[in-house]
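Both of the next two complexes hold subunit A, though its partner changes from subunit B to subunit C.
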Partner chain A sequence: MKDFVIPDDRDMGTPAKTGAPVTLTIDGFPVTVPEGTSVMRAAAEAGIAVPKLCATDSLEAFGSCRLCVVEIEGRRGTPASCTTPVAEGMAVHTQSSKVKKIRKGVMELYVSDHPLDCLTCSANGDCELQDMAGMVGLRDVRYTPGENHYDPSGTGARSQAEARLRLPGGEANPRYIRKDESNPYFTYDPSKCIVCSRCVRACEEVQGTFALTIEGRGFESRVKAGMEGDDFLSSDCVSCGACVQACPTATLQEKSVAEMGTPERSVVTTCAYCGVGCSFKAELNGDELVRMVPWKHGKANRGHSCVKGRFAYGYASHPDRILNPMIRDSIEEPWREVSWEEALDFAADRMRGIQERHGRKSVGVITSSRCTNEETYLVQKLTRAVFGNNNTDTCARVCHSPTGYGLGQTFGTSAGTQDFDSVEKMDVAVVIGANPTDGHPVFASRMKRRLREGAKLIVIDPRRIDLFEGPHVKAAHHLPLRPGTNVAVVTALAHVIVTEGLYDEAFIRERCDWDEFQAYAEFVSDRRHAPESTALLTGVNAQDLRAAARLYATGGNGAIYYGLGVTEHSQGSTTVMGLANLAMLTGNIGREGVGVNPLRGQNNVQGSCDMGSFPHELPGYRHVKGAEVREIFETAWGVEIDPEPGLRIPNMLDAAVDGSFKGLYCQGEDILQSDPDTKHVAAGLAAMDCVIVHDLFLNETANYAHVFLPGSSFLEKNGTFTNAERRINRVRKVMEPRNGYEDWEVTQLLANAMGGGWSYTHPREIMAEIAATTPSFAGVTYELLEEVGSVQWPCNEEHPVGTPLMHVDGFMRGKGRFLFTEYVATDEKTGPRFPLLLTTGRILSQYNVGAQTRRTANSIWHDEDVLEIHPHDAENRGVTDGDWVKLASRSGETALRARITERMSPGVVYTTFHHPGTQANVVTTDFSDWATNCPEYKVTAVQVSPSNGPTDWQEGYEAQAERARRILPAAE
Partner chain B sequence: MSPEKMVMMANQIATFFETQPGNDGPEKVAAHINDFWEPRMRAQLLEHVEAGGAGLKPLVVDAVAHIRAPA
Partner chain C sequence: MRHAVPQPTVDDIREVIAPHLDREGPLLPILHAVQAAWGCVPDAAVPVIAEALNLSRAEVHGVVSFYHDFREAPAGRHVLRLCRAEACQAMGGKALSEAVLGKLGVSWGETTADGAVTVEPVYCLGLCACAPAAMVDGRVVGRADAARLDALLAEGAA
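After this line comes the complex of A and B, so read on.
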């Protein structure tokens, strides 16, 4: 069952250091560790555990509990081993009679203010206080009960059980504070707190939110969330779980553990939310998941997590999950539950029938960036090898397809250039069109840590994102550009770098084509690109822009991090090229701390692109026009491959409306909610004869489906995800699929129902086929992943354990290529009817279309989409905070509540798209990126006006959705 | 797809390549369209040009000679 040996998971007490080797002895055993290492960690390296309470290896040493005292020959006293650095020749004794006595005394004091309820405590079996009491041999507490924090009755009870007997239901101890149960996932029980400050330090050092403090002094000291009167929920706490992870007792405890008991087995796997790709230990009893705990050896997250991955997994067992296949002849009918065989035959007959009537190219697939590499590979193989066309696309179309095109054209491959660890060496971060604290929270925490160490931050975004200013972090520059003017701003940055002579000539001469650069320099030096010339257009102050350009070019290691605010524009690809130009100009590529880093939206956006999901590319980004590439797959699959590019998602929908595209297999994506211009998507889906939805839930797209194939959650299957740093991480099955099949098996069943003749028995065989056909994956095997944990592609003969940094000695394409980036205004323009610009995005607690997170307690933080609007724009329209407003564009209109905030620039409004009731995408238009058709989500001209509630369209939509979700009772 | 949308998409591509150096704009526009446009989209574009090419930028019209006609 557990097919992966977990590496050393011991808590080493203090963080690892790097430095010259130092040799010392611990209890006579010699040990060699890097300079700067604590004595505690050196002892742990030697296999000797020193008792500790306030120390843990995710946090800097604090030295408060005094339990870890040791004796060192030639030194006076009993220093704390956690705060004492090693020295050459040091001789440490961890078990002298003196330190043992001290430790027993310390423990006795701790336990004198701790309830003796161990057997019924939620941390029973997982409590460091309990472990340490055992380790130091505490056998009695000599203090008589006095002032304390744990006994509600104030009667001198030793345990809370006894207190309840003595004073049923009553509280007479003014020092006793009740449990804070406000957070949906964990509780804070002050009566069990030992004030070790681990939670406070985790909130600061690991998460960077600073929501927790120690309130009071001495005996009054308490952990406190937020300000006076706050509880955990109302404080700044983002529910990342770092404090719960750090807490050595039951003070901060997962509610799931309190309810289900301590887990007895664990499996390391990968989170299925965002593109950070955090490693987690799924901890279970039997097949019941008790909790998800961030895995300290995970190379993307280094032991940290966010509220989604850590806590929001309950959707996998939500009653809304559909577990049986269903079919219907038309979308007007209710669903009928049928056997897998009947559903697959129905689907296969329909798809083949469509192809017979309308031609080979009348059907296609949409692969999922939520599913594994292996599943995605099979879905594109289904269309290429079984349907016989290239009509495959993926949700990356609507997020990062411009990254693929832009970085492919300039650097030669579509991928982020760095690993996440690189951020620790970054000196200047340019964050453009991204909101990492909400979209990529664990990476944001790592970045904030570096910013607190003194690195500088430049934010280029219409909104003042949370990263802009927070505890001990303040951006050096904010360039609040008007939506749609990215290219003008990025080109102006290049103008400043070139005209002020801040470019790295040696780098350019060596790594790029010098003649091409000179032509580019001439282009970009033109006055029209000067920040002074573009200020009126972009709304960005020219001096600020110049200062930001100088900082990026001269401030040391400059790293660009970008998100969908860059790509989801009609000039998305051009902006990506512009960012690549900036990195090449300044030589910020090919080493640690620099680079161009797309922050990928979903867990496997990178992987789904790598796996040949795009209609023009076979796996490994190789165009279908290449006969030699087709031949590889023709040989492997025994079929002929169409040399013509297939339809992209928007093209599929257009062709459907035109009547030439009739059948779609859509795996794990909800295009009706996530894609722009909802009415057009609905019209396209409604025009098809066979829509097969393969998902966990009856999503919005399923309202227009004829076949529903139930999917398996990430907990129920084997495979791999590839995160934003190209890291291939294992997804491990921790429980049997509730729907009966892993998703790759469902695709195989469908392929075989259509005569595919596939016979995979495990995803490792699919990976073997990927490796055999795709050079950048040539060295990837499940055996290697078991051995090393994860690898970053390219992984091949040249890079047997992967490639953390790309373009180190040269660009993938040879010479880096400067492309001209001329600003072109989008056709989506404000005017008298639609005077405001709408931009859309997401927030921390909800994920994408919300199909998963809406089915968890995360909704407590965000139970509806709201429209953020600047006070000035609100006042002009007579809108006050919390009012219903109508949001209208030329595409459609919807209604939602307004939130008035100065985060917005005047003239710009913002909303999220997490709730189908709002359907923000009924407002967005079908304009798209010139190169890739990536929709222009980030710019829609809109009007906002007061309203009484949902629009007619919303009410009609809801009624239709309800009708479409009817399921006939199963036949007897 | 609607002719207006098709014309707009083609013009967007031309607009980018108009700004690039060199005299091979038509070839580059055509290469992009050959690489990314599915045959029925290319057929629609070619038919539109045949019918007069209303609304298309001159660079798109110039590119037509290099656009692969769908089989």
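After this line comes the complex of A and C, so read on.
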């Protein structure tokens, strides 16, 4: 394993600035920096480190520790270098005898209230207080112990070790506060705190949660989570780790470091959770992962993280993980552990046998949006080149397929238009059908930062999401629409913009087809699209809607951010087109701070779509009907490619029930839990002769599998992920795969067992094949990624280091296209039997089907799915908070506990789908998007009634799952 | 002894803070209004104020705990503040404090068992020329001595 050499990871003290160049001298060395830069940072640029404690380059300067004082010629006194901006011709001295004396005095005072336990401290070797004491040359502390915060015994001990000897097990110092261990991942030890406020400021500036404060004043000042009576767990803390990252001492410390010791090497890699795609440093001892630390040069996250990426990686070493291949003849039998060879031969024989009996098209694959681009590419290649059909689909089918279709139709590319940095220039954000603080927390923090700077927010969602209102953030408008009426609301927004003349005529004339616009304008101007006409249908107040439309059209840079609340509808694609229309109408496309930004659910949804996972498209979104496209791959692969599109996931399941589809290779996706209408999925799987599940765990789908191929975690393989901003980030192997093979190797083994004859030795060779065959990836190589960190596609001759902003000078398709967006009600309707609408989503601490996060301490925040219901609806049904309720729809029923909350609109209930015990998707229906078959998860007519506990179906399911997971011990 | 901490309802608290919401810098006036209503800033008020002002609980707690004048529990019927700053100490303030605390049988910050008097330290009342200084229910007293303070407290009790 090669350690990735981390370029320039020093702490520069204060954030970088932009401005006119200013030249000054530091200790005689000339240095030129942008105007507004601090003297401290200028010194760091010159290679001179000024001692500091309260400053770090992720936070604005604070000037409280007084350790960074310097002398400046012609100025009086000793200013703090962190809060002093540079000036032309300034001459700074960082090492005069005067400042050295001051620094030593300051350090001596700090250390007088800090225990001298360095050798046994969990931050030993990773402590800035220790470093600074060394740097200023502190050799003695002349103060005798008086009142202090560190000595539990109150006996005047200088270290906690000594205090324990003097008063074993005792506490006699009222100022001593015990360690707070309530958070599962880190501890807060007030006795080691120097009250530099870095944690408090990180929680405010970086994360935007404001969970921490300094309590009291003067010597009594202590860092406090929440208010009186709170600990970290009960406070507003979301466990993002920003405070731990900022802490210079052992006060806020990862429990893993306390347990395992300080890591000695690090490898930069990419988080495998959501579509933000944060860069992390995996810090290790040998091959033991000690902690994940957000990498400050990561272009998606800029040094920030959330509870999932930073802490919830323990699933990779969870005992539930399956490390040996297993097979069985039927799903009624227990699993048998076998060798890789036997498992692969078994799988290959079965798949070939099925194809011989039922035809070439009777088998297929499902690629995973959680696996790498290279792995996904191989899985679709498996079906196209080895199975000889186009039966490939991906979990993106059930989340963002309408994004690909809608944006492809209007703009010409199936991807978001911006990079995440663009949010820093945004003036008005429209957040529709997304809950960024839970689903995309790191991006939400960046957005909240911009909102605190004064940008305006419009929330369009049936729920009052957390972003709507919180510390220092309040949405200008909330349009609480009824689930299923997105198109009506979006078209009404366009109606207001067109009829009130708020559109950007110059932009439309230049960038779109004026005649097409005229027709569109006539369409949306019709009175049936007026907010007053649609109010009854959508439940959105017409005046609010008009005000929101005016704000978006006239408030400066308007950016639209959307999630699955837009796509997972019967008119998902129409809504995406409607949003694209809004951006074109108002000229909000093609520059920083604007655009249409899909927030992708999983780490590699973008990539899995790019890599040709869909049954009708070869890599790069090129239709299989195109002979010239097929020819490229036919030449590269040496096979003939079927010109007919293959089956989508729902078609595969239908065909399985009909008996014409018999074999499936499913990599890293749990369709049984995540796809709608669980009973139908189960019936489809049960009807197949060979289901091959390739995963870390025996997931719910594996209950119906005949072959289980153990997968490797993101820490155990090389590859790339493509995030929501089209950014191709490297995933680096930090340890050997515990199952023996990286996932791309397993796919290759299976292909070769079926006669594929593949011979890749490293994912870089797969990327080279992708680049050679797919124009938007033409310039992507592993060498380039090593050099520049990451690139956003298209990356080719025209854009050698990628494309942060799309459609800058013109749309990819030429002229932007306005499409009519007529509202058509979903067939899923409420009625007397099912009077409520269910919508589903997720929460911060859990991820998707929970296969990973349920196997970490994250469950402390969310150990079961609950049904959120408005007090009015609850009262009508005699339901009180915490009661078991039965949730029933036309498809099925399940039971879970109720949580009564005014976040919900009356008539709408909400739940998550993280726990297989609940199986929210038993209730959802098989209605889907008209264009892409993306399921309508977000609208299900339901009834809620009091219940005693789990339903018969849940108990039966539990029993079946338990039976299906039996494993026979390996034969001797 | 401490008086029982009042337990106002969320609606009670909202009513008290409502008139101040449109002010510029409303947090301190609101905290004063809450203390005027209940004699202290009850914990229950912190989340309600935070929600009303778009702040976090932690931020409000930080402000409340910063100012010693905001109480966690109501004071006694009278509040006696004794200056412990330099000038008053030089003029016998320490002996005066010891005498008063001893007589009332309380330590700093405590309230007498009958709920009559709370004694608190204060660091300078701006009355150094007339040290030692004290304050009884908001009235400053110069050249304070035990007898005078007794008399003032007795007067208030009557």
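Here is the rule we go by: the second predicted complex is superposed on the first by the 970 of 972 C-alpha atoms of A that agree within 3 Å, B and C clash if a C-alpha of one lies under 4 Å from a C-alpha of the other, contacts with A are read in each partner's own complex, and residues count from 1 in each chain.
Here, a contact is a pair of C-beta atoms (placed from the backbone, for glycine too) under 8 Å apart; a residue touches a chain by one contact, two chains touch by 3 or more.
All of these numbers come straight from a predicted model, not from anything done at the bench.
After overlaying the two complexes on the shared chain, residue contacts for A:616 are found with subunit B alone; subunit C is out of touch.
With both structures placed on the common chain, the touch criterion links A:644 to subunit B but leaves subunit C unconnected. When the two structures are aligned on the shared chain, A:314 is found in touch with neither subunit B nor subunit C. Of the two partner chains, neither subunit B nor subunit C is touched by A:740. Once chain A of one complex is fitted onto chain A of the other, the partner contacts of A:63 are absent, as it touches neither subunit B nor subunit C.
In the superposed model, A:235 makes contact with subunit C only, not with subunit B. In the overlay built on the shared chain, the residue A:125 is in contact with neither subunit B nor subunit C. More residues of subunit A lie in touch with B than with the remaining chain of the pair subunit B and subunit C.
By the touch criterion defined above, A:946 lies against neither subunit B nor subunit C after alignment on the C-alpha atoms of chain A. Subunit A uses no single residue to touch subunit B in one structure and subunit C in the other. Within the complex, the subunit A residues that touch subunit C are 209-217, 224-230, 235-236, 469-474.
Contacts from subunit C toward subunit A in the complex involve residues 43, 46-47, 50, 54-62, 65-66, 68, 72.
Looking at the complex, you find that subunit B touches subunit A at residues 1-2, 5, 8-9, 12-13, 15-16, 19-21, 32, 34-41, 70. Taken in their complex, subunit A has these residues touching subunit B: 361, 390-391, 519, 523, 570, 573-574, 615-616, 623, 625, 644-648, 651, 654-655, 657-658, 660, 819-820, 822, 824, 827, 926, 928, 930-933.
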